[in-house]
């Protein structure tokens, strides 16, 4: 039993191992075998043989800490671009991170999906909508637009594009080069909750075949993209978060100001040399999506975080720079584009010599709204 | 593809089968095998081979409709009472319903745990607490008390005892006969979310060894059990719902009044001859537990419900009388104590010749707070 | 400047008197008279001549502590019963407490209306509805029913009958003796906010002329009056709080249990010998009305409260027993039926030799929802 | 009785005039005079003599429609600048709009305070804080900074500066010319609710005497001024809304984009040629202040609004351009800087030949949170 197994603040009570099924399973007695056979035949399972996995002293995820290197990921996506037509069967040429602990499921963590999507020059990913909440994050490249309910949203390095469930959407690459990006969804959560609805659409559901991608911002951004003000009209018709793109320029400026304020002697960062922002829905001030939190972290050269953990899981992607990430008993050097996952209650720390920018998303809104949050990752609001 | 697979209101679009992986998986081409091998080695999984299961047109639970007969269940519990000591290993002599569709997991549905617990005369189930929300429902018998943070709560036929996460609790059978009841918990949900904390306790954490069970109501009921009034003191110290027992007398009276009002010509029931109540937390007016909804339904002789379904799953237990339950493509005669489960989006109807009372619990609070609810089961508030 | 004028926790700063207009009004200079005349002509008023009243260091209500004796009040109501027909002009034979500090307005405090209403044997008060939230509290007598959206609710000593805004209602005295009770409304608040709508109705809007008052409980109580359970049907159609009567039996039992638990050594009261309950809306667990809080307090013989105050005002009515009430610089002996008011931020204490039961209502829900609460009256939840 | 007195949707029932006290006051009978005298002596007031004013069929504010011309207002303020020292007695050289209907109270409407504040070159308005929520809006000029909890916030034409209750603040004019602006507060509301706390401060409470006003944005804006992102640190320490300035550039761009989108054929405005934004608290997405709503409206040349009204009151200030405002039975030509008030339930329409920009603030958050809203002013979200 490692120290992680102990509940926070629990003393060493005589019952301390009560939940450990290995040592305390009842001894065989006469009739026990027949009993267990009949239990199984009746579609029943005793608690006492399962409690160690079901009710550990602290969260003990089946998901494990893992890192995926961007260069491998991107190479696989390129090969898919050559081999797999888009829009056949899977609707998207997306390849998901499959956590080694999750028995072959295409899940990055117990609740989060993360995939690289790849679109060749001139390709379109067809129109559909689904109950799953989704976002795109772009670590490099440009040229693709996501079209949401007829509103084309150009995608560029550093941008975060949330998309609440049940909005029609498609992707179009009008450029002359392929583009890859990261899709994040709550597929594992909704698969477990059995709340998944999906509807394939027609071009006419999403602005028609002849839609053109503007050079400037989307209509969503023109209506919702000014700080501190909202339109009084209902315009747009997007479901959920009406702001469809959070541009790199704003994220970068916000992080830079935090570090500048720290230099000027003011309380502005979450830790020494550690700036952080959260993407918010302008309608609520809360998370950008009902089931997914998205943040951006910047560690200046030489900075490092304290060890911290929380109930709930995260996925990180390095956006620029590089550093060292420790998750549970794993330690990796992480570089631009690399992704790594932090299962629930695993200790995490990040440090950097040259400075590092990281995008992060997590299931915290779910954990928090259900009242199950423990141990916020860092010293946040 | 059955009709249940189609999204509500979806027309017959040309893309109608786009999500069906069986027919649209990309054809083999040269290099595909090597590609898939490398994908697997890189801990990746393509979306296009999985989308049919991950993103069905409507919820398609792995859990299946199933019924457990009380007489079988109770007999198994009795045998456990003879064979298995309480409080060793599993902390409780509880035997869980294991949905045949869920691959050997001790889960009644994707999100709900239901178990029969059995305590012999004079036995105690030891003190512990956990992040999981729980309740007891008693279909027959009496003699056991659940002790919550030192407050002994007697249990009797028809009573519903919710218990918010992280309250200390134990069970004591001071009577001269064994007693069985149903435990409901959100174990599958919290196991999936990886938010499970557990702490074994000492007798001193829960009122001490010499606690005596009162003949009258618990302190919780004395403080919180009057309709429409709440104490202004903080007294008690229970976490979450402060009302620890909902007595059969009140439930029965509420159901009887609804049918009497229907007889008098007023709108009081959810359907012809169908009375229903929900157990509520007096602090919020909302569900009795943050992750579990609990209700009681009464169909008078000759009544039947319409077909209905919803996103999210339920467990029913017949409390008295009998009837016919149809869930998806299954139909059962159900009698006192029998349990059956309704996976997400399965059509449900219940009818009765002699009249039937049913206890129900579901994961609706989770589905609703996340904004994922569709298709309330019956015509409710 | 009395000690009440100082802000809580403020030290003696050099600016301590800055807000006191009497001493710091600017000295007369040439042109000042003409200036003030032109200011007035322009429909303007300077801040510096008004700030002492507008922005005191702590709340300084125009309302003053005052007591009304029940025997006087009741005698006036009796005389009105002989002189004033019901339902002409004023719709109700109600006589309001007029706080001596409020310049002839019929307001008990700055935000609360309290009146004695009187109905002779056989009289009806006509049907109407209004945006104001209202309640009835009965200190003695019976025989009248309030009919709300066609549902007759009998009124008896000790009962509390809330009535959310915009419900049709009338009163009918089918007995052979007159009856008086207290009406509480948020008239001053809504008059100030200019949100008052009123609609006179016809008998047909409220159950018709031939409605009969039942001997038993109202339909509302039959649907909503069991502890911890709510109907799933929409039945009733009341606006706001669906529970139309809180009966004395439940209030009395709740208070008695708190004192019994205190005797048994448990934490159950808000102070030594001081039991207290709040009436709650079963839909929300919050206050019985959106703008009015209602409570019941019981002090056992020999008990007394600490001095306490809060932002916001209250009206108390002695229900039984007697005691001494101190409000600000006033002290009264108060007896059955007597009413007294506690303006905002006035110190209050109550003590009793023989024991006393008090009904209380206040504007706390308004103060709290606007985030303006300071200094809860007693040590409550 | 004018048509405004009738409740919306009320038909012509026989009881239609029941609430009109003039016609239905009870006829004099013997003993009535003595009765009324005794009622008054007992500090009581009958409902039947007051109901016409207390409970009108629709809101009938004591406040009246009124307009103040900026050139008059500004001239008065200039004279005050010569005559009245700042910071003596009134703490601020502020002159309030006094609605002619409100009997000499310095209130613009029943709930809102609006004043012109004037600061000469080199003057400081001293440090204080109060429970009242406040804002500044600047129709012309620059050179002054408001310092909030030590953070200097420069003020310029078009800026909106909200300031939640209980933040320390002062104003400093470091420029070489006087500056005037509009203060808006909830003084009338809090005076009526008796929730007003005030504390004079020392320079050291607000950054000290030697604080310098930056050329760039405040720290608040640097932390909270990027669209869609929030800092994770607690930095700043402001109470309530952490964003202390909403700059004209963002407001102007948002309004311009709405009209451009309308030109492009998209649904983006609240009416033809009528763009409108609301200032929002980035923490909540709701109103900029808990008790005050603030908006900006732009009518393009030739546009006009429909007649509309709502429960609750507003103050408008013309920011640029000019137009015609109709409020109730009053019609004015309004020009840059002019202010006019819209009492509750008065019909309002605005039209313009040359185009007009208007700042608006109202008590809507109060009305809405209490559930008393009727008739939103225009067709808004």
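Note that the chains are named A, B, C and D in the order they appear, and that numbering of residues resets to 1 at the start of each chain.
One rule holds for everything that comes next: a residue touches a chain if its C-beta (ideal position, glycine included) is under 8 Å from a C-beta of that chain, and two chains touch if they have at least 3 such contacts.
The structure presented is a predicted model; accordingly, all values stated were derived computationally and were not measured.
Ranking every chain by how far its Cα centroid lies from the centroid of subunit A, the top place goes to C. Each chain gets one centre point, the mean of its Cα atoms, and the points for subunit A and subunit C are 51 Å apart.
We define each chain's centre as the mean of its Cα atoms; on that basis subunit A and subunit B are separated by 30 Å.
In subunit A, no residue touches at least two other chains. In terms of which chains touch, the assembly is arranged as a closed ring, every chain touching its two neighbours and no others.
Residues of subunit A that touch subunit B in their complex: 7-8, 10, 13-16, 18-19, 21, 23-26, 29, 31-32, 35, 38-39, 42-51, 54-61, 63, 66, 68, 72-73, 76, 79-80, 83-85, 87-100, 104-106, 110-111, 115, 126, 128, 130-132, 165, 187-202, 290-291, 311-313, 343-345, 363, 366-367, 369-372, 374. Remark: subunit C residues 219, 222-237, 243, 246, 250-251, 253-254, 257-258, 260-261, 266-270, 275-286, 288, 295-296, 378, 380-381 touch subunit B in the complex.
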